[in-house]
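Note that the chains are named A, B and C in the order they appear, and that numbering of residues resets to 1 at the start of each chain.
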Amino acid sequence: MDITTETISSLRKQLIAGDIEAVDIVEALDERIKATEPSVHGYLRFDKERAIDQAKSADLSKPLGGIPIAIKDNINETDEFCTCGSKYLESYRAPYNATVIERLKDAGAYCYGRTNMDEFAMGSSTEHSAFQKTNNPWDKDRIPGGSSGGSASVVGARSAIAALGSDTGGSIRQPAALCGCVGMKPSYGMVSRYGLVAFASSLDQIGPFSRSVEDSALVLQAIAGYDPHENTSCREPVPNFSEHLGKSVKDLKIGVPKEYFGEGIDPEVRALVQKSIDWFSKEGAQVEETSLPHTKYAIAVYYIIATAEASSNLARFDGVRYGHRTSEATDPISTYLKSREEALGTEVKRRIILGTYVLSSGYYDAYYNRAQKVRALMKHDFDEAFKDFDLIVSPTSPTTAFKAGERLDNPLQMYLADVFTIAANAAGICALSLPCGFTQENLPVGLQLMGPRYGEPTLFQASHAYEQAHDWWKTIPSIA
Amino acid sequence: MEYEAVIGLEVHVQLKTRTKMFCGCANRYGDEPNQNTCPICLGYPGALPSPNKEAIVKTILAGRMLKCEIPDYSEFDRKNYFYPDMPKNYQTSQLHHPLCDKGEVALHKYAFPKESQENPEASLNKVVHLNHIHLEEDVAKSTHYDDHSRIDFNRAGTPLMEIVTEAEINSADEAYAFLKSLQQILIYGDVSDADMEKGQLRCDVNISVRPKGETKLGTKCEVKNMNSISGVRRALVHEIARQIEIVSSGGSITQETRRWNDALGETTVMRSKEDAHDYRYFTCPDLMGFQTRPSLFEEAGKRLPELPQEKKSRFMDSLDLSEYQAEVLASDRRLADYFEEALSKTKESVSVANYIINDFLATEPDLDSPKIPAQQFAELAELVKVGTISSKQAKQVMTYMFEEGGSPKDIVKAKGLVQISDTSSLEPLCQEAIDKNPKSVEDFRSGKKAAVNALKGYVMKQTKGKANPQLVDEILLRLLG
Amino acid sequence: MSAEKIDVHYVAKLARIELSDSEAEAFSSQLADVVAHVQELNEVDLSKADSLIEQQGAGENHLREDEPFPGLPRDPVLANAPESSEGEIVMPKIVE
């Protein structure tokens, strides 16, 4: 077994056949982690002994029996730390399991390793983690993307089989593209958010990082489905995704939105994405240009709605019930002011201030209310487009991984990194990024496919077909 | 110059549910601190709310009892402000789409304080309109020590209904009557126990004064911290006087929040307008909006009780009770039910009402589980009706019922309380009364018909009260005639 | 809607975050950039938006039955608290 080339499905076959044992996976991963982590720093914590215990007791008859999954550090698991990349939660121990953790365990998987992230998932480079910088496994001078940069980097570095992340404006797909792995953002409501530390409630979704599309479908199958703990959870039965794998893309109607191919795209990215689109045509899909007219407003809409919700969601980090409390507190007000000043990072403060501003008296209609209306129009654009097309295709990110520190002083430019991924969150639809080639500098490029809400089966079908016809995912970074 | 007060109330009502508003923790008072908590009501990272259907149904029921309009669609908003007893530092509440719009409460005579009921200036039957009713979550409870405070989150997240009136209450007595009427209706619907002293009903008042006839509103103050309905009345009497004094001596009112101190009988400044909140309301993205029709509206409809005033009218019109009797019995749904249970066994409604109001209530019974079965009052009324015992004896029977227990029939038998109703034994005694009281006989014959009572009293005394009084009357009149 | 200068100190006070002067200054100009960027929303024709939002609002009710559900044991709750005493969470004194 070479752990760098295995997938969940290949490991499951070997486990079931008795060729390997679950603990062999832990040992092999441990070796790989030792080799890659000194340059990647994608994990915040991992506990090999605990993983071995869990591997030994794994029920191999379950769909993910014996498979370790790395978890972004903003998903609660009982008795584990859950820092969200923030000093504020450095000492917090989760007293409960997120629904996705319960579901993974029910499916026989176990959690191995907690991954780095931008503080409270706010960022596109993982440089806003309070604890460490994570490097891109393809070039350690570059960022891994964000906010789920830890999960993307360890799956990209092949030091995790699969991982969970969260995606509010592209936080799974953008780092997946930049790290050369498959990153999937399910439709809003498909995966329970219960236990995911909220950034922006109406946009957040948990989704898988994986080496292959098939693995993405396997993990989503395990974690998806109605959860009575979440009021916005979808009540529709979850389709069997595997049934849709292996079908061709013939006769699928694929839209190419012109707004996603304008200026500002790296020419190499553009060329690789175009090549992928040509492949779909060649395979018999009906590829046509389409329009999503409100695309240009996505960033504005996103930064108003996401920060507004975040300003409210993060108000609970107040130094009262858990987390950091300043030693200078003399009354409640100073407890809040100082605890938050001391323990929240600059980007988080910046977004809380912006979100508070757009909701404040006199500005609500001009900003928040207007943004909600434009959001409805964006959603309508997709509804109209999906009347004509099964899927929409675009680059995941306009550029490849940028150099560390490059955009730290310019928040607006950093925000623009999410330009192609935000719309799917705003519209609540599903989207997936998968590798579609490498640039001259050997940096991975991601192709984004978007499907209608609950259109995951077709999304997996087309992604899988593309993946099977290309060998991008089999290329391994030479970081170790 | 004459002034009038303009008062609006914000009434918070704890709903009777098993679980909290957005989580499955017990909605229960008196447990160990922080015993009924979970990630949701503690505002833990990652926890999400699930709305309690029962609390929504009860709020709609309150709205229907209070003649509100129930909009088809409702949703929750977040009200953002920091406070240590608020776990998420926003309160899930309703601003744009509350469960109930408008509504009203009529101020009936008996809702006013006793001493004001006969006051010709009391605004009997005035209708106070509601602005709306919305549903939200309660905050935790903090206790203050010398150098720190402690917080118990058991109450955090329990369902709380807020009833907001229009500013059309004009006196402390009206505010009192409003709260009494409201309380009665809420208890009737089993929406809340609504005990102000237990914090189940809490009331903040907004009050301003203006010269009578003026249409513009004066500057208002908010007054908080009243712990009983009479406390609200006292606070208002004081605050109205304070404001009138300031205004009439040429001063002006500062807009502020004041705290009522019931022991000192005064209000003091709590915070000024400069600290006014900017609540940054927005629709809660964790909660889906919901339709009130058909199911929630109909579920509330199934539970609509006969309201106190309707019941009172029925008691007067169909059961011949006086207004006072009807008012007392209808004032408490349990008492009314008890009364009606007795009436399933007799038609003597007036007698039964008298027994319950004059005698039974004097024993301060536990109306949740009364020791005396209601049917016993029916049995008693029947015994009087058929003449087995006199009304006077009925009183004696009740004394035994309350003190020793047992059914009226058994008591009558055991204590030998049967009324003497045969002429052959009473006639000799009546003759004896006439013979021994010539003065009374003379008075009677000279026209003082009331003198017969002295003769009757003699017979009653001789029979230890067992003689049938009507029969004694008949015999005496016949012998004297 | 015009791009007004954000009163960062007022907003920070609402958000209960103390900012240093240099932080406030940096935020002020960075947020001005963001606010200037979002002004582009002014050009959008919103005439169809309200009816679209209304359509999205309609759906079936997702409400919880009033059944108890186990909560948390007290120990981990108190262990997470910065300070606690006799089962309660301790705060610097609240003066109302």
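Heads up, the rule we're going with is that a residue touches a chain if its C-beta (ideal position, glycine included) is under 8 Å from a C-beta of that chain, and two chains touch if they have at least 3 such contacts.
Keep in mind it's a predicted model, so treat the numbers as computed, not measured.
Among the other chains, which touch subunit A and subunit C together?
For subunit A paired with subunit C, the chains in contact with each are B, in label order.
By C-alpha centroids, what is the most central chain here?
The chain sitting closest to the overall C-alpha centre is C.
From the C-alpha centre of subunit A to that of subunit C, how far is it in Å?
22
Give, as an integer number of Å, the spacing between the C-alpha centres of subunit C and subunit B.
Roughly 41 Å, centre to centre.
Round to the nearest whole Å and give the separation of the Cα centres of subunit A and subunit B.
57
On subunit C, where are the residues touching two or more other chains?
Within subunit C, residues 14, 16, 60, 62, 64, 72, 77, 89, 91-94 contact more than one other chain.
If I count partner chains per residue in subunit A, which residues reach a count of at least 2?
92, 95-96, 228, 231, 311, 315, 318, 320-322, 332-333, 335-336, 356, 360
In subunit B, which residues are in touch with two or more of the other chains?
38-39, 42, 50-51, 82, 84, 89, 151, 278, 280, 288
Inside the complex, what are the residues of subunit B that reach subunit A?
Touching subunit A: residues 38-39, 42-51, 78, 80, 82-84, 87-90, 151, 278, 280-282, 285-288 of subunit B.
Okay, in this complex, where on subunit A does subunit C touch?
Interface residues on subunit A, with respect to subunit C: 91-93, 95-96, 228, 231, 233, 235, 294, 296-297, 299-301, 303-304, 311, 315, 318-325, 329-338, 340-341, 344, 346, 349-350, 352-354, 356-357, 360, 366-367, 370-374, 376-377, 379-380, 411-412, 415.
Would you mind writing out the residues of subunit B in touch with subunit C in their complex?
17-19, 23-26, 32-39, 41-42, 50-56, 73, 75, 82, 84-85, 89, 142-153, 259, 270, 278, 280, 288-291, 295-296
In their shared complex, at which residues does subunit C touch subunit A?
My answer: residues 1, 6, 8, 10-12, 14-19, 23, 27, 30-31, 33-35, 37-38, 40-42, 44, 46, 48-50, 52-53, 56, 60, 62, 64, 72-73, 76-77, 79-83, 89, 91-95.
Could you please specify the touching residues of subunit C with respect to subunit B in the complex?
The contact residues of subunit C facing subunit B are 14, 16, 57-72, 74, 77-78, 85-94, 96.
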